[in-house]
Structures are given as C-alpha cells and as structure tokens.
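Below: one structure, written as structure tokens.
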C-alpha cells in the first residue's frame, strides 16, 4: 500500500487538473462522495455523530492487525466528499502514521477553508476525532 | 431683593470683566470662596454631605417665611467658590423660584464644565439636592 | 421609490468589492449589518482626537469624552422614546443585555416554583440565560409554542398566563423566521397580571420603528452591530422602577458609589449597571448609526425591504423543491428556506464560491430546527442597501446549486 | 536612549493638539493609553473590507473574520506565553474578566465559611466582585494589609495563608501607587497550599513583560485600552484545568454546543466563555497594539519610563509641601502625590486649564485613600510617548497652582 505522502501527492495532482472551482466541487460531490467507505447502518446513530458540524457526520473506527479502519457518512454532499478524501489518506494506517499526518494537502488543493476553526465547518472536529481514535488504539495496544 | 434673572445678569457682567481664565479662577478662589454663607459646624457632618463629589460638599437648608435659606462648605476652594455663586442665586428664594431656575448663567460665564454629568464634578448632584430641598419644603407647606 | 439606494450603497465601503472575481452580494444582514462611513469615521475621530477615560477626570479630554458618551445615551433615549436617559444602559450587545436581566432580575424576583415564559422561536441568547436562572432559582421555564407558519400560538399564550410567571422574554422579530411578533398584545395581557416583559429587539432595530413607550415593554435589548453600528456595544433599556430594584450585575469602576472593605454602596442609574471602563468609542459610533437610521424614513425602509422580500419569495417559488421556513404574513426581510433534497451547508458552500453571502445552519435557534425537523435553513436577510440585482444573483446562484447537485 | 520618542509620538495622532492654546500634555495613561495609527487603521480596514459575524458562517467574509479573530487569540497567547490558545478568553475588559472568575469560579469552588484573599491596594474592580461572591456564598473576604510605603506586608500575607482560602486575587501593579507587587512569591506560597491566584494585570501590560508561564499564575486579566489598544476589549487568561471546571458565565451564541428546552450543553474552551457576537473589530485591533508593543523592547520602555519617573520625582521634591503617596522602590511610572494644603481637585482644575491632563481623585481605590487619610491624590502616569518636556510643563503647572492658592 502507498504511504500517506504518496496518496497525498496523488490527490494533489488529481486536483491540479481542474480549471476552476466548479470542476473541483463537481468532482467532490459526484465522484468522491460515492467512493466513501460507507459506515454500517448499525453505527449511524448519535453515539458516532461528530459534534460541532453544521452537517451531520458519523464516524466509526475499528482496529485490525495494527491498522485503523474508518467508515463514515454525512448528510451533506460536499462534507461527505471531503471526508472521503481524508479517509483515503488516513484509513488503513497505523496509529502512528495517523498521528503524524499533517494533512497539508488539504491546503494545497484549496479546501483549507473547510478546516477553518469554526463550528459550522466542523471537519476540524472530525480530524480531531480521527486522531483520538488512533491515540486510543495505540494506548490500548501498548497496555496489551 | 433682586430676582434670580437680575442676579444672574449681575454675575455675568462681573465675569465679563476677566481677560483670561487665570483672573476668573483667582476671583473664584480668593473672593467667592470667602463669601459663601458658611454652614454651621453642627451641620458639617456626613448627613449633610453631598454624594458623588470628588471634593466634599456639605449643604444645609432651612425654611422661613416662604423662603429657603442655604448654607454650605467644601474642602476644595474652587468648588467652594462655585457653590457660593450658586447660593447667591438660589438662597433666600421661594421653592418655586428655585425649582424654575435654569442656571444657564453657569454656561454663560464659562463654568459649565463643572456641571458636566460626571461623578468627579459632582456639583450637578448639589444642584439636584438644592432642588430636592425646595420640592420638599413646597410639599410640606401645601400639606400644612 | 423615494430613497436612492445607489447613493446609500456609496456610504458602505465594504459592499464595493469582488469575491472570487465576482461582485460581492451580502445577504447575511441578520447576522450583522455593514457600517456606513460616518460610523467608521466616528471611531477614527475619537481615537485620533478625543480618546480618554470618562466620568472620573477633571481634564479636558475626559470631560469631552464624558459629554459625548452621555450625548449618545440621550440620543438612544430619544431614538427609542424612553422616558429617561438613565433607563438606557450600555452593554456589549443583546446577549449581555439579556444576561444582565436574567441574572439580576431573577436574583431579586424569581423564587422556587416560579415560572419564566419564553417562546419556541427564541435565539439561544434568549433561551439559555433563562434556563440557567431557572436552574439556579429552582424555577420553571415555560415555552409558548409556535404554529407551522412560524407564529406564536397566542391562544396558548393566553392560557399559559398565570401568577407564578415572574417575567416574559420574547423576541420582537425572529432572526431565523423573520416573524414580527404581536408584542403589544402580549405586553398588555402580561401587564394585566403585573408581569414584566423583556423584548429581544436584536432583529427589530434596523427594520421597524421601536418606541418603548408605545410598546410599554419593561425591558428592550439590542445590539449596535445589527443596526449599522459597531460591534462590542449594545443597549439595555429598562423601566426605572425595575432597574432601581434590581441588584447590580457586574461590579467595579464607575458603578460604585463608595467602597470600604466592610460595605460598598452602588451608584445611581444608569451607572449602577455599567461596570469598568465603558466602550466609549463604540458608544459614540452607535449614535452615528442611529443618525444614519434617522436620515432614512421607516416607511421607505419597509417599502424597499418588503419589495426585496416579495421579489425574492416570488422568484424562489419558481424553483423546484423549495420549502419556506417561516411564512407568516407579518415578516421582515428575512427569507429562510431549504431545497428539500440538498443540505443547506452544500447550498451555502456553492453560493459562497459565487460571491454570495447567505447564512446556513440553525442560526442559533436549534429548537426551531427541531420543530421543523430540518438540519438548518438557508437564510437570506436583506438590509436597506440591498438591490434586486442582489436577489437576481442569489437566484442565479441557487439555480447553479440545483445543477451541481443533480 | 535607544528609542526614538519623537518617532513614536508621530504614531499617536491624539498627542498632536492644543488645549486652551497650549500644547497638550497627556499624563493620564494609567486611566487609558492613546492609540497608535496601526490600531486605528485596523478598525477602519476591518469595517471597510472585512466586517462579518464569525464562527457560524460558510461565507468568505465570515471565514476571513473568524480566521483573523482566532489569529488574534494566538497572538495574545504567544505574547503572554500561555500554553494553549484556548486559555485566552476575550472579554470586554479587566473588569469583566475579574467578574467572570469571581462569579464562575466562586459558584463552583467557594462554600460557606471559605475565604477569598485580596489586598488593601486593589482597584474597586478587584474588590467588589469578590465582596459580592463572598456575600452570595457566605464566605469571608480577607485583606492583605499594606505598609506606609504602599507595599504589601508579605509577612502578614504568609501568616494569613490557610486552607479555607479558595482563591487569591491581587493586582500585579497598583494603579494609584505604582507598586510592582512580588507576585511570584505570593503565587509560590499559594500553590504550596493548592490555592489558585488571579492577577489583575490592568496596569502591568504596557510596562513590563508578562509571562504567565513563568509567573505560574492561574488567571491573568488585562484591558486592551491600557496597552495602546482599543476600548471594549480585554483578556482573561486562565489555566485550562480551572476553566474546564468552571461553569459558563454569560450564555447565548457561540458558547453553546446544543440547545433543547430540556437540556443545553456548552461548547469547549475558549468559546464556552465567549457569549454573543464577539467584538471582532476591537479584538483584531488589540493584536495591532501588541504588535506595537513587540516593536519596542521592554528594557527600553522601562529605562525611558523610569527616567521620566525619576525626573518627575526629583522635580516634585523641590516644591513645597508635596507629599508622595506610594514610595516603594519597586514602581512603574505612576507618581501619586498631593500638596498638603491644596485639594487635589483644585490642583486638577488649574492644571487642566493649562492643557495638562493628570488624574485627581481616589482612582477607584478608596480603601487606599482611607488608609492614608487623604481625599485623593494627583496622579501623573507616564507612557512610552511622554517626554521630559511633558514633565517640565507639569512642574511649571504645579508652581502656578501653588501661586493661585497662596
């Protein structure tokens, strides 16, 4: 499997192909949204909801063979597309890989605004949650 | 006895004689301060203190033959001088005269700043107190 | 139309810019309004020529600033037609005004088992302070329900009235629905039972004439920044008879008369409720914003804003799957809606990329969203400087949104 | 001297004016400081180009304003060397910062019979909120005494320390005496008993380097307007461990996470303590004032201000019947004094007529005046832009005062 940096570069070059914001968002809405590793219905409940998002975001994590697997969903399309990007980078990684990821690519592909420190654009909270999961699994493993 | 308007005009022409602020304040400090109808020592106590003045101001009122007589004092010279002016206009007047006085002359002689709505320059509170006394005596008389 | 919108727009420098190479369309006026030049100039003049702390000083600048500050208070007084200038308290905004009353009034008057009455269409700032006050005083918060149009159910309100209610707090105009509430009727009914009424006027001041004497409300709250004024300043109007009885809220500075470690006595109104160094600059600038309002005519404002609202509503009706939230016939120029099949957040992001600023979300009125079972709305809120072109751009934007999501 | 005061003065437009045909001498900096051009410009730029409500919007301006606002927070964080930016809460000023802690901390941690410890040289804003909190919680307010020089009696302080004390609140620097308090020693001793310490830093920020990590204080409060920034904004720094445990203070707006009529949950730090629409413009301008401070060097500031203080003190000593109030060897550039035979108010009025702004009165520290048995003082407080010529003018003015009253 490619490492995080590779996937990020891949995404950056994908996005370089777009001439304007319309194409970019079209891609996020139409392509990325549907490629999300969708969360199982049993997990689509308040317990897995990320707080502080204007759109609802559900996130589930599991741990297998030293790697964290994420599934997610959102009721808003653009949010869902961006999550899908994030999971492409961060799912199926070791806790350390996740914790060390700086996710600068979001900035490079011009989506930084969605990670601004606001409540409305609560993707920041989702990233926090992803890192918390990684941290939790790491600690658990150490203890075991 | 001259009416309020007359006394005010008199004061205004007195003050017109001054070339600059130094002369004016000299007059307030040296002449007016000493011409105040000084409050009797027995009344120079917290009960007669006006609240909200940076300088302490004591004011006493008595009522005789339909007229209100004021005596006062202050620990600050300029305040004392200005009070002396006010009493020259307002003491030995009927409650109605006092209540109707607009005291615009203070403005005309360039001392308005001392009556600004601040706590420090609490002369405003003194005027309020003078009017309260007038009101009280008026009401008392009506009842009697 | 008897007002020259083009000329008015020239007073608002912020409007004259491009976002993403597209002329900027600002339709988020219920969140905050833009500022005319005179407001900005007042801040500059103050800081360049007059800045000083006030009330305590014997010196020239301090006196001048104090006078200007108290002039602002007098201006507010006459603008809202209050009986006394000391019934006008400067705060940092509507939220602080409401918190002040919820804390101070309730400390004095709210006892165990009592009730506070608010409505189902309040802004969080007019819900949570009362929840906390009720919690602290073991009292109950009661809610006047609303109907599907987003109007108060007045018959329910009349039935709810009872002697346990110590205060009623409702918004004059709803920020997410635009509904203009029948506050006079509510106040009259409340007063028959000697219950005071607080009006949250955050959304009213820039749209309709507010006359506290005519309304006979006991408290009225508003924010400078929503009436073309600066941020950081607001007003609490309160009837003297209540304010005099209420304990101070914050303490320190000019609100104190005398301090010893044994005993502190408090200053008179309005100072009693203004702790610390006041926000002089913004208070002076607030006056300029009210002068700007006075230079217009409320009939003209309402006609213009109402035209925009109608124009937008009619155009929205042409679009597919639009659902309006808040359909009272008594409304200001706030239009809340959703595409039934597109998330408001998605709509907002696309509009933003087209240089169109609307607000999406729950607008700090979550209970309303729960009532309508929606995640939020798209809200376009118009001010005096908006034009039909702005609306055309919004409609064009929404058509593009539809295209993007189908 | 390595700083060019003439150049610095050019940054402050307000200084360049005449009062009563005399060049303006501003020596009332402990009340409020003047503002450099960059601070004023930031307000203008914000309102002309960026104005928007923050945190909630999906649109461009809202995002930009949010980012700028949070940048300001980060700047304050690094300026005072706080561990986390969410330990920086924006308030309307020192008074509100102290009220917030006195209300919220005491609700949670102060119980019947407990004590709060302050000092005999506090500003009313750091007395009365604690008096009220003690009253409400049936606790006792205890006072660290001062000596004739105007210094805390540290031996007494150490004796007073006991387990009933739940919080200690003292000023870093006294506004009427200028004394720089030995706060590190106090904090160390308090922490040995696990007592948190709040520092009222209103008078410190513009004069000395404040490093909350090095001080290890639990709370630090200051006002923008006393550190060359705008009015209407201040800061509460608080250690996360305390802020997290404290209940919210004001409520409404962004400080809320979720609202239903049954239950409300609050947002995380720092938002939990920032209710209502924040004062964005002034928060951005505050950053500019700190940038101005950073462009100077604290050693230079202290050298310059100390020179002025010494120069003034030495010149005052030449005058008849001058009594100094506050004679600690550890002082900032605040010089309080009286003519033994002339009322401070009289002195102030004459100086004012000569275009010299000093403050007279009790400076919101009545207990200090009671201690010295005086009605008030004349206070000259110097800032970075003051010059020896300013002092010369003041001395000349005082000589004239003497002439007028003899």
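Each chain gets a letter, A, B, C and D, in the order it is written, and its residues are counted from 1.
What we mean here is this: a contact is a pair of C-beta atoms (placed from the backbone, for glycine too) under 8 Å apart; a residue touches a chain by one contact, two chains touch by 3 or more.
All figures in this text were calculated on a predicted structure; none of them were measured in a lab.
Undergrad: Would you identify the chain whose Cα-based centre sits farthest away from the centre of chain C?
TA: B
Undergrad: Could you grab the centroid distance between chain A and chain D? Build each centroid from C-alpha atoms only and quote it in angstrom.
TA: Centre separation, chain A to chain D: 45 Å.
Undergrad: Quick one: chain C and chain D, Cα centre-to-centre, how many Å?
TA: Taking the mean C-alpha position of each chain, the two centres sit 31 Å apart.
Undergrad: In whole angstrom, how far does the Cα centroid of chain A sit from the Cα centroid of chain B?
TA: 77
Undergrad: What are the residues of chain C that contact at least two other chains?
TA: 20, 56-58, 62, 258, 345, 349, 360-361
Undergrad: Which residue numbers or ranges of chain A touch two or more of the other chains?
TA: Counting only residues that touch two or more other chains, chain A contributes 54, 120.
Undergrad: How would one label the connectivity among the chains shown: line, ring, star, complete, or other?
TA: other
Undergrad: State which pairs of chains touch, listing all of them.
TA: Every pair of chains in contact is listed here: A-C, A-D, B-C, B-D, C-D.
Undergrad: Contact residues on chain C for chain D in the complex?
TA: 13-14, 17, 19-20, 26, 28, 31-32, 34-35, 39-40, 43-44, 47-53, 56-62, 92-96, 98-99, 120, 123-129, 131-132, 141, 143, 223, 225, 230-233, 248, 250-253, 256, 258-261, 264, 275-282, 345, 348-349, 351-352, 355-361, 363-364, 366-367, 370
Undergrad: Report the residues of chain C in contact with chain A in the complex, numbered from low to high.
TA: By the definition above, chain C touches chain A via 20, 342-346, 349-350, 353, 360-361, 375-376, 404-405.
Undergrad: What does chain B use to touch chain C in their complex?
TA: Residue positions touching the partner: 51-52, 54, 113, 116-121.
Undergrad: Which residues of chain A touch chain C in the complex?
TA: Its residues touching chain C are 21-22, 25-26, 29, 54-56, 75-79, 120.
Undergrad: What residues on chain C touch chain B, complex-wise?
TA: 54-58, 62-63, 66-67, 70, 254, 257-258, 267, 271
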